[in-house]
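For clarity, chains are labelled A, B, C and D in written order, and residue numbers in each chain start from 1.
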Amino acid sequence: MNKIFKNAAEALNDIHDGAIIMLGGFGLCGIPENCIAAMVLKGTKELTCIANNAGIDDFGIGLLLQKRQVKKMISSYVGENAEFERQLLSGELEVELIPQGTLATRCMAAGYGMPAIFTPAGVGTEVAIGKEIRTFNNKEYLLEYAFDADFAFVKAWKGDTEGNLIYKETARNFNPLMAMAGKITIAEVEELVSAGELDANQIHTPGIYVHRIFKGINYEKRIEQRTVRARLPNP
Amino acid sequence: MLNKNQIAQRLAKELKDGFYVNLGIGIPTLVANYIPEGIKVVLQSENGLLGMGAFPFEGEEDPDLINAGKQTITSVPGSSFFDSAMSFGMIRAGKVDLTILGAMEVSEKGDIANWKIPGKMVKGMGGAMDLVASAKNIIVAMMHSNPKGESKLLPRCVLPLTGIGCVKKIVTELAVLDVTKEGFKLLERAPGVSVEEIVAKTAGKLIIEGEIPEMEW
Amino acid sequence: MNKIFKNAAEALNDIHDGAIIMLGGFGLCGIPENCIAAMVLKGTKELTCIANNAGIDDFGIGLLLQKRQVKKMISSYVGENAEFERQLLSGELEVELIPQGTLATRCMAAGYGMPAIFTPAGVGTEVAIGKEIRTFNNKEYLLEYAFDADFAFVKAWKGDTEGNLIYKETARNFNPLMAMAGKITIAEVEELVSAGELDANQIHTPGIYVHRIFKGINYEKRIEQRTVRARLPNP
Amino acid sequence: MLNKNQIAQRLAKELKDGFYVNLGIGIPTLVANYIPEGIKVVLQSENGLLGMGAFPFEGEEDPDLINAGKQTITSVPGSSFFDSAMSFGMIRAGKVDLTILGAMEVSEKGDIANWKIPGKMVKGMGGAMDLVASAKNIIVAMMHSNPKGESKLLPRCVLPLTGIGCVKKIVTELAVLDVTKEGFKLLERAPGVSVEEIVAKTAGKLIIEGEIPEMEW
């Protein structure tokens, strides 16, 4: 059993046109930068991407959009980039917008072997159109189905040779959920260590969910909204 | 008439000691600057953080630490990080005591519209639909009228809905109103704003009982 | 906001006869020893206990059974003790046996605001009697409801003044799930530290789920099945 | 006829490199002692551990580290701990490659009964119903007959069921059998055991095609 791959190109070798892919991250935070770059090089097309956001013009999933590799986006919030908007308005790109909690929970459902879940998000709105509504304790819920993804690309802070993963701060976001949900889960990590070096009590994603792992390089970790406060001058 | 910071200041009066609070983008974010003394609240950021702190000092930005508005932030001592399923899990389970968010329209039934303008580019609902469908206590912070001068407090929403029957209270630059079964109930008016002005600018059913006091904070 | 209580007696002060209580632990591992001892002293009766197991004759929930404080047990595996069996056979005690994964997931559902979940466990068995069955992708699932518990007693390794909890090894088990599920969650910990002393990236139960916390004392941590291997003699 | 350790040894031949495996109480537990060389498997314990190791050395027992049989154990390097919902989540999602468990009865349709004897004290199903309903590959390890000498391989189960149509293979002290749509298909016989003896001791439909080889390991 060897889960270790040399790099993104090797780990993504068998991804086919038309694949359904999940990509971790929130905005540009915690995104699988190496996997995205390798996909751009590889040129795989007609992808369905499940990701909370669609990146910006020149980073993140925006890079795949630039190359017109994406057929459909399933996201909760998109459109931080002009190319996305152009493709959407011209009909080149399909977009399915779903509530963020629904997106997260449909990933978790897949990882936990639950075919569907109930959530109140979207009841009474256009999100509910065509969906089954059910009342529990006088509150209405929508029935939402688990995702079915061929691949999940996730980015972790640390990983070990067994595929165990630890994320950093809010870069965790959708990553552990998508790691559980992918039929084949590919993890890129900033630090790759031997089995036993991570604290078994503090693993965020157990290795059973991770099929391939590699040490990523050249992390840019671009910041979308740099907000700071001024330092008070020394007295 | 209040400015945005004053609206935030009035909103801050709704905070109670021990509250877990989710603040939306815009005016709600400013509420964090006016937390009353002696009161401790914990801010939840739905991208996976309890215990959101202030913006970082320049040079100390951490790309792995952002809020739901994708801004660099800090975390306070005693904070915790978690994944998005747990984050919306605690929201759905009603563990977050108060949610303050902006809106484009609110109806007299408490419906809210704040995510989509037909004909314009649609960016998505993000976590707004989850928040409004789940939170037990939702306060809307917004301007009383839209840029065209039309009331945002309506008999029913015209824009696509984000959620139904969920808004409990509204704070605008003119007034504080409860959303009741009978309609918008005027509770307070901004300093120098007359009841007549509020009546004129509120399209939905407005209930006025007795003397309406000026806001205090 | 003060979540800190002096001890179990103080933290459990308002628990009433007839309450529905969740108790963390698997076997005797990770059980809320202090809370159980305080309940015995307090003598609260007619309890419904949701716990994976029912303890042994003289430890764990067995202590509550001895004092006949329990009206009903909801568990996946019981009967490691004679008093339990006696009460069950005499009709003094009601027992509802449910699959272990169903028990865990019904707790999680409560903590995640999901009114019900689907699981294949029990399909075609007596567990399915009277339950709604639904087919997804040619597989049958039972609809199971989220638990509704008045109190949850959980035991953690470390906790802080904000109510954040970290569990140790397999003593984690049902504890984080029940912590999320209780309307009022009471956590007892081996080590209670100030806010900021625990790594925010490594919290198992965020403090939002914990209403009361105290430092437990005199942990016995009894072992149910002591199994060991012989040391090889020195060469 | 095999003894319990030999049954475990035969079962171990079903392991493949990289498998995640859940071993039930009894004979299945013994399989861990016979993992073939050059093969790496990771043992899952449904109380919240991936990477279960051997029993601890005397004096090194850790009360916070037990298996699903409540026995003190150790964990191997690269292991991970998690809660019971995630544990059964990975089981339900089919992430565990192989589950080996004991049974009181198995039917020719692959139904299994192993949790309850009417009239006797009922201890509960523990995680057995979750495991048999979810695992993609379930092998039963058991004696061919019960203590009364009655076959445990039946046309249909008499005891209350644990799960339906789930058992893929059975290893007993006499034989290895596949559960097929047509019934129990005899694959191997224990050294020195005749096909006739297996026929005599199997109450459910038994399929015998060609020469039946003796087991090897």
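One rule holds for everything that comes next: contacts are C-beta pairs under 8 Å (C-beta built on N, C-alpha and C of every residue); 3 or more make two chains touch, one makes a residue touch a chain.
Keep in mind that what you see is a predicted model, and the values were worked out from it rather than measured.
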Can you check which chain pair, A-B or A-D, has more C-beta pairs in contact?
A-B
From the mean C-alpha coordinate of chain A to that of chain C, what's the distance rounded to whole Å?
33
Rounded Å distance, chain C centre to chain D centre (Cα mean)
28
Return the distance between the CA-based centres of chain A and chain D, expressed in whole Å.
37
Where in chain B do residues touch two or more of the other chains?
75, 81-82, 85, 88-89, 91-92, 134
Indicate the residues of chain C shared as contacts by at least two other chains.
105, 112-114, 119-120, 167-169, 200-201
Contact pairs between chains, per stated definition
A-B, A-C, A-D, B-C, C-D
Which bits of chain D are touching chain C when the two form their complex?
45-49, 54-67, 69-73, 75, 81-85, 87-89, 91-92, 111, 121-130, 133-134, 160-165
Touching chain B in the complex, chain C uses residues 1, 110-114, 160-162, 164, 180, 194-196, 200-201, 203, 206-209
Write out the stretch or stretches of chain A touching chain B in their complex.
26-30, 52, 75-80, 85, 88-89, 97, 99-105, 107-108, 119-127, 157, 167-177, 204, 221-231
In the complex with chain A, residue positions of chain C that touch it:
105, 112-120, 136-137, 139, 141, 145, 166-169, 200-202
Which positions of chain D touch chain A when the two form their complex?
17-18, 20, 40, 42, 44, 50-51, 75-82, 85-86, 88-96, 134
